[in-house]
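There are two complexes below, and they share chain A, which is joined by chain B in the first and by chain C in the second.
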Partner chain A sequence: MTDDFRIRVYGHAWAQDLLRRALQHGATRHAYLFAGPEHIGKTTLARAFAQALTCENLAGEDGLGACGRCRSCRLAAEGMHPDHRLFAPAGNQLRIDQIREVVREAALSPVESRYKVFIITEFERANVNAANALLKTLEEPSATTRIILVSHQPSGLLDTIISRCQLLRMRPLPESEVVRALQERLGLEEPDARRLARLSNGRIGRAFSLAEDPESWQSYNQRIQEMQAILAYSPAQRIAYAQALEKHKQLEIILQEWLLWWRDVLVIQNRGQALIVNQDHLDALTDLARSIPGPQIRRFVDAIMTTAAYLRKNVNRQLAMEALLLKAPHRE
Partner chain B sequence: MRVSVLQENLAKGLSIVGRAVASRSTLPVLNNILLETEHSQLKLSAMDMEIAINCWVGAMVEEEGQITVPARLLSDFVNSLPKERIDMELNARTQTLHLRCAHYEANIKGIDANEFPIIPTYQGDMDAPSVEVEPAKLRSMIDQVAFAASKDDSRPTFTGVYTLLEGDRLTMVATDGFRLAVRSAILEEPAASNLGVIIPARALTELSRIISTVSLGEDDGVEVIFTQARNQIMFHLPGVDLVSQLIEANFPDYKKIIPTSYNTRAVLDTGEFLNAMKVADLFARDAARSVKVTMEPGDPGKVILTATSPELGDNVSEIDAMIEGEGMNATFNSKYMIDVLQIIDTPQVAFEAVSATRPGVFRPVGGSPEDEYVHVIMPMSPR
Partner chain C sequence: MTDALYLRYRPQTFEDVVGQKHVAETLRNALRQDRIGHAYLFTGPRGTGKTSTARILAKAVNCLAEDVNDRPDNACPICTAINQGRLMDLIEIDAASNTSVDDVRSLIEKVAFAPSEARYKVYVIDEVHMLSTSAFNALLKTLEEPPAHVIFVLATTEPHKIPATILSRCQRFDFHRISTRQISEHLNEIARREGLTVTPEALGIIARSATGSMRDAISLLDQVAAYGHTEIDEELVRDVLGMVSGLAISEFVDALAGGDPAEVLTRLHELIDKGIELSQFVNQLIDQLRILLLLNVGKDPNLVDLPDSLLAKAQEQAARFTAPQLLHTIRALTEAGQALKTPFAGYLPVELALLDALNLDGMTAPGEKPVEKQVSKPASRPVSSPRPAPRPKKAPPKRTTGSVPPPSKPAAPIDAELAGVWKQLLRVMRGINAKLQAMLRSGEPAGIQGGKFYIRFKYEFHRNQVQAGIDDVNKGLSQVLGRPMEAVILGENDPLPTASVASQPDAASAPTPASDPDPNPDPNPDPASPLTDHPVVRRALDDWGGVLKPSSLVD
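This part shows the complex of A and B:
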């Protein structure tokens, strides 16, 4: 349908229910914090919530209840709504002048809707001054203001920020929901959808970008090639590669890719029946399964998991990656 | 859309609405001006997050229509054209506006008018509380109050002007925490209901500018419409609407800040006081702008301004004054004093103080009794 402008949220049914009920009872809170891993749909949920908050005939039982047909819903879907303001870090940081803009605009009445909705993404990138500048507005915004903070590192936020928000902790989607979303939105066949779902590990945004964006698929394949190449690297070369990798913004995703890759190798080695995620690289996988002993692979897999856990705890990324790469299996 | 307008009229209209065009908006359509045919006129609209302006320009409309085009490009182009007729035609399919004037032609790519936010437009009967104010009076109110509002966006409440309607009295109040300006005026016809809103100071300064630009007839008034339901305020002049968002907050009880009595009162010539203060400011500029004001009773009494800069030197000025009450000296910010002395429009001004640590009060002397003005300035701690 071309006249349905609802912003579709996949998964997070409980969060959608909670927000829809708050909307129905006119009991939405003035500030929310949507927290959870990257690419699971936090900002999409925030945009859909904003759309519902300003919908002219909020009624539906579906999703968040926005009608998807009014002018306001259309503008929301196009990202052109004058009462929806999306703030993302400019460069590495949410700057204090961006927050001041929020503070100033939040004091003003909405332009054409009941509410003025501010979405601030990657809020962990706000430094202490910027975060503090928002405190007063966050605590006592005007009756027509709604603020949604989005963060994948809520542990990095000030307590004073978190305590002023209703916290929704969002999790990666179950594989089945990602499969369904890929089939529904992109019309993928079941096996393709399942492989992408597995590869994305419940991060639906990542699944969509792998499916839709050739560049992101290309860079994935390139990383897979590089990972095979390092098996033949000398320790010095491995350390150099670790240094290059460390600059990558989403190390966790790379580690996840490696885990799935080595899992595939183990499945083949043990003649398992489970789905092979990297179906396109069957030859390479089989080759590795033949040439590298199982225990070595398992040790490396353990090391990857430990490193991923370290990274979440903010260790020195470069050291962690160097140590990990030195533990990778060796092949001539 | 097919419409013809005179270059002069369009250029003037664009300059009026141009002030409301968003300078760096995340919403691309707000960098544009909305052109809309309306009866036999072309309506121009622009808005940023705070204010919106509609302006009507006489036109020959052959075919109705609407489009938004980049404000900067359109204004610069129109300003470069000769004073002749401009024919405009919209290609609805490509959303491109074709303009032709004398030997100049241009196609300007636009954005669909449906993307433009809805700006309330004046209609004769708006079913909302409204009052009519004489333009010159409204301008003087704004000019005497708006400058005292804070420029610090981290306290949005104080960046606005609290505007109160009580019966036949219209009052405007602004403060930045260090000074307070209150001006009220009597309306010819009382309002139907009492209310108070906070209007961004910038909206009022723009309004003051518009009042001074458009040509108004003798009987033309500014209609002020409080569109309560939409939380906006509209100022309607012949051919122009200015709509402002309101600041949603509670304004502090300003009356508590105005001292109700004084121990010393000086009445002196406004111009002399201003000039002496400007001289003192030359020396105070390097010294946190602090100027000592000494009031000496006597016959005649004197007001003595002293400014001392550790590096530049010092300065003393004396002004003859009528002093009532005891002698006193207190220290004030020279910029704040200059700001208020510049907008007091009576030849004489009264300066009142309770003590060196309490706020000083300025009042015009001998003005019209119904146009009340009070300006309060917090003292600086004496050094």
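This part shows the complex of A and C:
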């Protein structure tokens, strides 16, 4: 086990299959776009693919087929491979300088492997100029170059970029896959794993960070308690709470939690008990479902989504949260 | 060979370029008559053959074949050199990474030199829309009167970004989106040459998904072929695209028609667990509902392009919905499709859209729907019995969980109160939705009961219009009454759910909490009555604390 340096990818069996076949037949393409929601393992798949592309043996039958033992695989797993180049946005943007570096290096031969592999993450952050600068290279790079673009917002990319790549639309993992991964990797018990899997909504990265950080789990439960308490608050109290909340670093995650919570209430009102995310809070949810009218919840859910959109646009966080909390349903 | 298919099958002659006959013909005629322009602008969507045509043109003007009609022959040294990408006199410039005026200057400097081996030097400036303004301007003089041995070909997907001064110096050719039929024919040819077996249905799906871009289509074929199956069928293509089978869509529509939200959500999650691409699914569902809508409003089945086997099923499904239901569902799903683009909420927008679509129905009172149906389209609905039966079942339980139990306490005369609420509603609605307010004016209030506000309309048109904006009416009502209230639309002769209601005043309609023994529940406060009793004032006091000072109330 200790000398196995394969980069492990959970789920996405079809994508792994497709890439392994291409590798085996020597039919990999020069440009790929891995698209799909955040935290589902796109970059991990890209790194594993890069590892397989430069593997010296390429013997494996599972995963992507990297042997996991050769020098090249080890370097890849450690992120030190000279022919692997990972580009991530510097700050808020993927800069044109970075793309120019890709264009320049893509014209060079690999240092020691068959291929030079470029992974560019969060490609939606490339501005128009940067994206355009990559077009020609992306269409016809040198025969030893492989470019993998990663993006969670393919709708934000230029059509001309997308049409030059082989597009792999990756999807959130089925619950069972996340459960299996959590059990295998972290040795979690089945009920814990299942709860995390549901909460993470098929985003395996999120499940892992929840699992590895017990504090975040605790604070999740606490926030859920608080949110229920809010319902009885007066507007003045709600505003005070909003002020406290506004300082929280991961406001978006909190909003996501609320969203899932109220979605559960709505789902229970529509008799979909089996589908709820917060299975361990079934009683509280059912209680809410009985006492708060559906349309009110529906409006609040809308308000949460709108607020999340506002926050992404850098509005005044405190005002946004105050307005949202005042819209929360009221209950004695 | 590890070329992508779209590179391997780049067209090499004018005949190979699919779907751009108008361009190819014009260029060939120009060649025959030796009237070649000095500057061309190729515009059109991605993957329609701009760069390919530019290269073919470069070959054609330089080709050594005797007969003009044979050019390019792809055999002479020049053509071979171009095909191998090593002809000195074909200069391809990536304008997107060489955007500056200096890049253009160095180009202009070299333009004057004669070609090294070919007749013409051909400059292909790709993605030309990315040049900076000064770079464009630096190009102007050269573009207008280049040396006789130079041909410029500018190519872009975004002609609107090209300055007019450039446009007027070029012969412009617009490349069109390629039709689905042409794409699938071409794909078929490629598949044959690659030794792939592809079913016509699979080709159809690929061609449609490509939306007119040949490169997209070939990429997609390539991707599907990468799975290494000997035969490529519909199912495989759907898997790759994350699409759902027509049967699954049809079953899903059945579930929607059944009207049980739990069932619909369960099915949705079954599909999600199978790993479908949600936005694809939403689009497919919208397409199907659109077909049902067409069948529902128009009686002519020729409106939709469906084989007979599917048509019967679709007609049966269409009969299970009303047109407003379908419209509302399509609208909700379209919005959900938009919301899916920001990944914040995951599958939630779709769930909400489906619940909204189902609950629209729950808002109308049981027994009202059939009447409206008969009035609206008696002929188009041969099967009307399956619809009303399942719907009302789910509506009442949801409502009752939602609304506050109505205390039975007599209050002020209902008519005066109703009229007051109505008047206020009309006033409030003007601010919320003026168009809707105009519609509302043609109705009359019929009663308030158990969290529902009944409005009677004589004409179906008004009913439908108001029904479509029912959310706004609800909003207005809750503004007026200070608590959630639901508007229910009645036809001219529809009875109120309980006969006694119209005469028996219902205390739930009073705007104040039931526990409060307020003698004057009129929400429209009489100027004479003490303001402190106004529900709004009381609510403010409850919420914020504080004391009401007399002075602050004077005028």
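Rule of thumb we're sticking to: the second predicted complex is superposed on the first by the 218 of 332 C-alpha atoms of A that agree within 3 Å, B and C clash if a C-alpha of one lies under 4 Å from a C-alpha of the other, contacts with A are read in each partner's own complex, and residues count from 1 in each chain.
As a working rule, a contact is a pair of C-beta atoms (placed from the backbone, for glycine too) under 8 Å apart; a residue touches a chain by one contact, two chains touch by 3 or more.
Since we're looking at a predicted model, the values are computed, not measured.
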Checklist entry - So, A:80: does it touch chain B (first), chain C (second), both, or neither? => result first
Item to check | Touching partner for A:135 - first (chain B), second (chain C), both, neither | outcome: second
Checklist entry - Is A:41 in contact with chain B, with chain C, with both, or with neither (first, second, both, neither)? => result neither
Checklist entry - After superposition on the shared chain, which partner residues are touched by A:111: those of chain B (first), chain C (second), both, or neither? => result first
Next on the checklist: Just to be sure I read the superposition right, which of the two partners does A:63 touch: chain B = first, chain C = second, or both, or neither?
Outcome noted: neither
Next on the checklist: Quick check on the superposed pair: does A:103 touch chain B, chain C, both, or neither? Answer first, second, both or neither.
Outcome noted: both
Checklist entry - Which partner, chain B or chain C, touches the larger number of chain A residues? => result C
Next on the checklist: If we overlay the two complexes on their shared chain A, which of chain B and chain C does A:143 touch? Say first, second, both or neither.
Outcome noted: both
Checklist entry - Across the two complexes, what residues of chain A are contacted by chain B and by chain C? => result 100, 103, 133, 143
Checklist entry - In their complex, what parts of chain B are in touch with chain A? => result 26-30, 47, 49-50, 114-115, 117-118, 153-154, 156-157, 159, 200, 230-232, 245-249
Item to check | Complex interface listing, chain C residues touching chain A | outcome: 2, 4, 7, 45-47, 94, 96-97, 99, 126-127, 130, 157, 213, 215-216, 219, 222-223, 226-228, 239, 241-242, 260-262, 265-266, 269, 272-278, 339, 341-349, 351-352, 355-356, 358-359, 398, 401-403, 474, 484, 486, 542-545
Item to check | Of chain A, residues touching chain C in the complex | outcome: 14, 17-18, 21-22, 25-31, 37-38, 99-100, 103, 129, 132-137, 139-140, 143, 152-153, 155, 159-160, 162-167, 169, 171-172, 174-176, 201-202, 234-236, 252, 255-256, 259-260, 263, 266-267, 269-272, 274-275, 289-290, 292-296, 298, 301, 305, 308-309, 312
Item to check | Complex interface listing, chain A residues touching chain B | outcome: 71, 75, 78, 80, 82, 85-86, 100-101, 103-112, 133, 142-145
